[in-house]
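Sharing a structure with you now.
Chain naming follows the written order as A, B, C, D, E and F, and within any one chain the residues start at number 1.
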Amino acid sequence: MSSTNSIIKLGLPKGSLEKPTLSLFERSGWKIHQHHRNYFPEINDPEITARLCRVQEIPKYIEDGILDVGLTGKDWLLETGADVKVVSDLIYSKVSNRPARWVLAVAGDSPYKRPEDLAGKRIATELLGVTKKYFEDAGIDVDVQYSWGATEAKVVEGLADAIVEVTETGTTIRAHGLRIIAEVLVTNTQLVTSEAAWADPEKRRKIEQIDLLLQGALRAESLVGLKMNVPSDKLPEILNEIPSLNSPTIAELTDTAWHSVEIVVDQSIVRDLIPRLKAEGAEGIIEYALNKVI
Amino acid sequence: MSSTNSIIKLGLPKGSLEKPTLSLFERSGWKIHQHHRNYFPEINDPEITARLCRVQEIPKYIEDGILDVGLTGKDWLLETGADVKVVSDLIYSKVSNRPARWVLAVAGDSPYKRPEDLAGKRIATELLGVTKKYFEDAGIDVDVQYSWGATEAKVVEGLADAIVEVTETGTTIRAHGLRIIAEVLVTNTQLVTSEAAWADPEKRRKIEQIDLLLQGALRAESLVGLKMNVPSDKLPEILNEIPSLNSPTIAELTDTAWHSVEIVVDQSIVRDLIPRLKAEGAEGIIEYALNKVI
Amino acid sequence: MSSTNSIIKLGLPKGSLEKPTLSLFERSGWKIHQHHRNYFPEINDPEITARLCRVQEIPKYIEDGILDVGLTGKDWLLETGADVKVVSDLIYSKVSNRPARWVLAVAGDSPYKRPEDLAGKRIATELLGVTKKYFEDAGIDVDVQYSWGATEAKVVEGLADAIVEVTETGTTIRAHGLRIIAEVLVTNTQLVTSEAAWADPEKRRKIEQIDLLLQGALRAESLVGLKMNVPSDKLPEILNEIPSLNSPTIAELTDTAWHSVEIVVDQSIVRDLIPRLKAEGAEGIIEYALNKVI
Amino acid sequence: MSSTNSIIKLGLPKGSLEKPTLSLFERSGWKIHQHHRNYFPEINDPEITARLCRVQEIPKYIEDGILDVGLTGKDWLLETGADVKVVSDLIYSKVSNRPARWVLAVAGDSPYKRPEDLAGKRIATELLGVTKKYFEDAGIDVDVQYSWGATEAKVVEGLADAIVEVTETGTTIRAHGLRIIAEVLVTNTQLVTSEAAWADPEKRRKIEQIDLLLQGALRAESLVGLKMNVPSDKLPEILNEIPSLNSPTIAELTDTAWHSVEIVVDQSIVRDLIPRLKAEGAEGIIEYALNKVI
Amino acid sequence: MSSTNSIIKLGLPKGSLEKPTLSLFERSGWKIHQHHRNYFPEINDPEITARLCRVQEIPKYIEDGILDVGLTGKDWLLETGADVKVVSDLIYSKVSNRPARWVLAVAGDSPYKRPEDLAGKRIATELLGVTKKYFEDAGIDVDVQYSWGATEAKVVEGLADAIVEVTETGTTIRAHGLRIIAEVLVTNTQLVTSEAAWADPEKRRKIEQIDLLLQGALRAESLVGLKMNVPSDKLPEILNEIPSLNSPTIAELTDTAWHSVEIVVDQSIVRDLIPRLKAEGAEGIIEYALNKVI
Amino acid sequence: MSSTNSIIKLGLPKGSLEKPTLSLFERSGWKIHQHHRNYFPEINDPEITARLCRVQEIPKYIEDGILDVGLTGKDWLLETGADVKVVSDLIYSKVSNRPARWVLAVAGDSPYKRPEDLAGKRIATELLGVTKKYFEDAGIDVDVQYSWGATEAKVVEGLADAIVEVTETGTTIRAHGLRIIAEVLVTNTQLVTSEAAWADPEKRRKIEQIDLLLQGALRAESLVGLKMNVPSDKLPEILNEIPSLNSPTIAELTDTAWHSVEIVVDQSIVRDLIPRLKAEGAEGIIEYALNKVI
């Protein structure tokens, strides 16, 4: 079905994103199984070989052609400066499905209010290059030091005056008694490829397939299907209740006094929509889950 | 969207009912997240503030106006004698989705057969007031003592002559070698509010919304959707097989020799219904899960 | 509803197949609950009593009439030589839903290439009879020894020259540095009954019901439902994309420019099918999960 | 060895004190094994039958003669008002081996500074009687409510204005943002008996044996043995370094230029004592652990 | 230090005895570390190579010279009929440090009272040979069947009329509602070697060393050291209290009014001995743990 | 007792060495408790404040005066080039209490035999600087790349040609199919201070106390106490068996036919020493554990 040349080399993030990523691929149609002590995870698609890498390392591997396509973060693309092509944004995570931010944070009880107050001070971060550039661009002279982790604790322990650290909700930052004084970078997961892979029609087709299905599965997470029977004479009022962006599927039933109406809606509005539909005369309303919405 | 006044204060049960309750609310449309070390769980609805309390304490807090609405048990309503309004019954639990019973139990090999045989004896229970009243109403003089837990063991250990304890299936009672001689109270979870909250139209609307969606999600747990194609000339026979209380959704297909039939049925009857539908000529029968049935 | 005589005695496999089997029965419509310290699991069907047994032992129990019907493996049917009737194959497992193989394996760095190279050598296995017969039929004289488990390790430890062991993917075999040189037996789970039970019309009806529902639930595992709206003039092209074995459900919508199309397809083809359907003009494509497909 | 009459009935605390109590008895010479599903724990002494009870319930059971002797807290002796005899204090716990305190605590940012500031307010506590009496004695009118647990959270959640709760280190109180404004009661575990058991010479002898060994094992926890060889002419200086309350064991060695000195000291002083002993000429200093010190 | 020929091959039991055995060897002076995925555990003695085997398999490996010495059970020696030499008994286990028994058990409510009542019946056991011989010797004709485990359940499930199963305390037997009607075999762990190894002086010396140290560590488990100061004039009375089998170490102290007395006693008598020693005038009594007693 | 100036700032290693380090300090006389969510661990000595840091970071913190003293590795001293004073070696770890080695490893089936075969190749390591210097000193031109962990896997995955990684036993290296071709650095934990702290007499006294007790506790880990009674006429022969570096404590007993002999010996020789002592006539040999040996 596919020559060896056109087998696409896919890089998946190891670590905290690993489990949600494998789950997203499974919902998209690819089962990936990571055997204990095996280096190459199994994937049920002969056109793909997958491997798990640190997100920090994926951009460089794509640039070097070791991988054709991968999932990494906007932050590490910038940090590594790798020359790659971004295919799309994939906003998901273990916690909040929101983009994450690298922020500049100081001790809650320190006098620092703005980045310029940190001139001459020590900044700890894992995102060394981006942070240095941030301060250089701002013309502030600081001592940026690489941190091997547990960065939030460094300010509290007196080991740094400020940190640049990633956060989704700010919870961990605040739990350490820190105060955010600036946002350095907004980041999220991205599907990334090399110019070479993108220029190869066979590989590009595969990358676009992966992108289409991942987006479809991500979209389905927040949507549900609703199905109901509607008195034919109440159809206009009921369609009026349904958010305009949805194009409902309407069919006449054998009993012509009723129509069947099916819609796909954001699950966050269901608890308000159902009472209104019921009030307008809809009956037999059922809600069901969706795997994919394209 | 909502003034501070109309934000409803919702009390959720802490402890053994906590996990099934949060799961039920999630299926109903409200995500509640209990942060470690936070007192107020987060809920994704600006019209509600939630807090977790012991079921024993919720009735009093509603009576005092500290909460507007909450989930508690019929048993603790009686025990506390709190002056509150019951909105509806919500029959679910961690174990059996059946109502629970407070029963009077004695050692399996004891001579006691009826409550009156316990005159002058010692009864241990966590439901002190209800138990005392039960024996007073029956004109039986007993020594009712408050039990701090592990009540079933007290009879076996010789620390009490009988107990009054709650049970769903009787399994724990029997596992301790006890014998039930009377039923003191049947109880289940209830949605409860104060007269004041119920009289406020804005709050009442919100309470009714919560009730409608909780009921819809609970109902969906035991139901499934069935969809099948039916030869048009077999439609009457097949509709005849379907339990009369269900109103099926029937539509003619483009191929007019066939109709599509959709029904919602109790999943406990599916294993008997499917063979009969198949025998009558239904084809392409599929079963799928439901999130809510209103 | 059923006389004691017609209650069917069902044997379920204990051990590694236990959890997936109980899950399969639950999806098929039977809830089986194994109480701690109880011998007979509870099943919510008065026409069945269930018990958990080792797969090795089930064939003999059925032959002896201790059980009427049960799930076991083709391998242990052969090993025990029990005289039973196979109703159907049920291909599922904890790992791969593929048939498993009993293979002959030797140390990766040993000189053995074919079974005949093992003449005069020591073979360890849990499948003693089948293995002996395999070598006898081949006219090779070997010393087959029963192994109490951890069979793979025996070659490495110098305790055996070769092993005959079961494997689905070969992973464990290779992880021990072993090399497979022959396949002794392909096996999978089977629904098995006795001639006596099969000859009893009441029991046979029950066995056929169990078989129908188990097959329906197993089939649903690999299938999903797809629903889409199709421009009426593109209907032929789109139907052309759909695998011919599926008979789609097609209905005209109230807006006659569109038809609704519903299909049930293998989820392994969805990732290729959806892009093609979209390219042909299908809109509002949704995928949803199925419990059963009959 | 013992008639049934003289078998002593011992009550041990169930719950958070259970594990450290069973461990203390084991170090004292009694192995107690709590079988799953058994009511009476096994104890390897025919003169004792043990049972596990809630600390709150032990005082009443001793007063009623259901138990002869037990471990409970000074707090629950007061709360229950049971008429019992205290044999000795046993200061140990899961956390700190310090006495615990029931304290009156308010929100850290509340205006309350002294108990009298709480007049007319709501106080939540598990120690209902003692707390009511504390405020009555002080002539302060408050509304004391029974709390079913998680008491610290109630102030933060606005369900109470103050709490009376037990604490060893104050950590949990402070972690909830509360401020202690008064101490209501200092408490610790006590060995308690009834006047009747104490008056029975056989039982009293057994109770005194239990007390002697428990005290010996508790004492050994904080002590270690030190042994060293000392130049005979440095003996006075070295003995001078040793805390005066210890009576060292001194023996002349075969090589009369040296004496052997053995002492038992608090392990908290060892890190300062050893450098001084070494400086004075002691050699071959070894430290070893102790099981019991009587 | 040792030629390859004289390296002794030691077999250690895998499974339930594995952890207590490795712990016993560690207390005896040999650290054995089982690396994940390694076949040969590391042992810190160049004169020994160790391997972990099933107890059932060790006798045969010793007979065949694959192992020189090993720990196995008297039961499996008999069952396998292996021709080996027993060096000594080592009575320890995970549970009770008591010998275990293979017993014949029947359903508690069955009519069987003696082995002969089982004539013509079905017996399930893992100890096939011994059980067959037991009944043959008794002239009772039964059908003994090999059981792959969970043997106790077989009687309850109606799969066997009786079982022969191993038990230390009888707890599991009784928990299954079974009744013991005969004892088939008393067994315990044994140190076993081959005649060949025993005849090799170098290997025999090593085996005797292992035996001496294992016995010394086992003995120390139940013993403790007691040390006290005794008034010189009370020495006879105090020595009189000490169990006669112990030979105490007595030395005069520098302060000649006192003697030091050291004894090693069974820890089960300490709780009675200490009060008597104290009553006779002993002071500064300390108890300490022992690693080995030779 | 101590002015703020003289409080010593102690850095303890976070991560894999954390647990064994806290345990070592506890055995040395300092209880350190790391509260969840607290930055500074509690230590029961008012003269010390402790903090947990990455071993990589401790050298720099000491050089900068942020810490006075700390535990780190020889490897990270070299890598960081920090200007600090080494007080002593502390050889312990979670695994083997042996020094660890940074080794150069390649794929087992690769052609590389010596470092020079790697000219022009890619080397992954966490010890960037030391590795670069190693190859520069050898005049070999390689591309050394920083690795964020899982370094061993990189060779197997084709992401690097060789790695430089730390290992104690080589197990993990071999488990990845790698082959060691050179040793880059031998390392172990060291107690390290700054010249400034060492020059302050008060701080130096404290550092020497810490060093004395840590060494005493580490030494005790491998030693045990032996005590025995020896026939007075066999004393010379028995003393002859005892390793000459030990100075035994010998005392005449009241029964002058016997002497008591106490020694402290390495536990690794006990299994050989005891049989010899016994053969020479020693009796009542007991072995006991030691907390500290100074």
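In this section, a contact is a pair of C-beta atoms (placed from the backbone, for glycine too) under 8 Å apart; a residue touches a chain by one contact, two chains touch by 3 or more.
Predicted, not measured: the structure shown is a model, and the values here were computed from it.
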| item | value |
| --- | --- |
| Touching both chain D and chain E (chains) | F |
| Contact-graph distance - origin chain B, target chain F | 2 |
| Classification of the chain B:chain D interface as same or different, half of numbers criterion | same |
| Fitting chain B to chain E on CA atoms, where both chains share a sequence, rotation angle to nearest 5 degrees | 180 |
| Where chain A and chain F are represented by their mean Cα positions, the distance between them in whole Å | 44 |
| Chain centre separation (chain A, chain E; CA means) in Å | 59 |
| Rounded Å distance between chain A and chain B, as computed from the means of their C-alpha atoms | 37 |
| Contacts with two or more other chains, residues of chain A listed in rising order | 37, 251-252, 288-289 |
| Chains grouped in pairs wherever the two touch, ordered by label | A-B, A-C, A-F, B-C, B-D, C-E, D-E, D-F, E-F |
| For the chain C and chain E complex, residues of the former touching the latter | 14, 37, 39-40, 51, 53-54, 56-57, 61, 66, 148-150, 153, 156-159, 175 |
| Chain C-touching residues of chain A, taken from the complex the two chains share | 28-30, 35, 37-38, 44-45, 208-209, 212-213, 216, 220, 225, 247, 249-252, 259, 262, 264, 288-294 |
| For the chain E and chain D complex, residues of the former touching the latter | 171, 224, 227, 229, 251-255, 260, 267-268, 270-272, 274-275, 278, 283-289 |
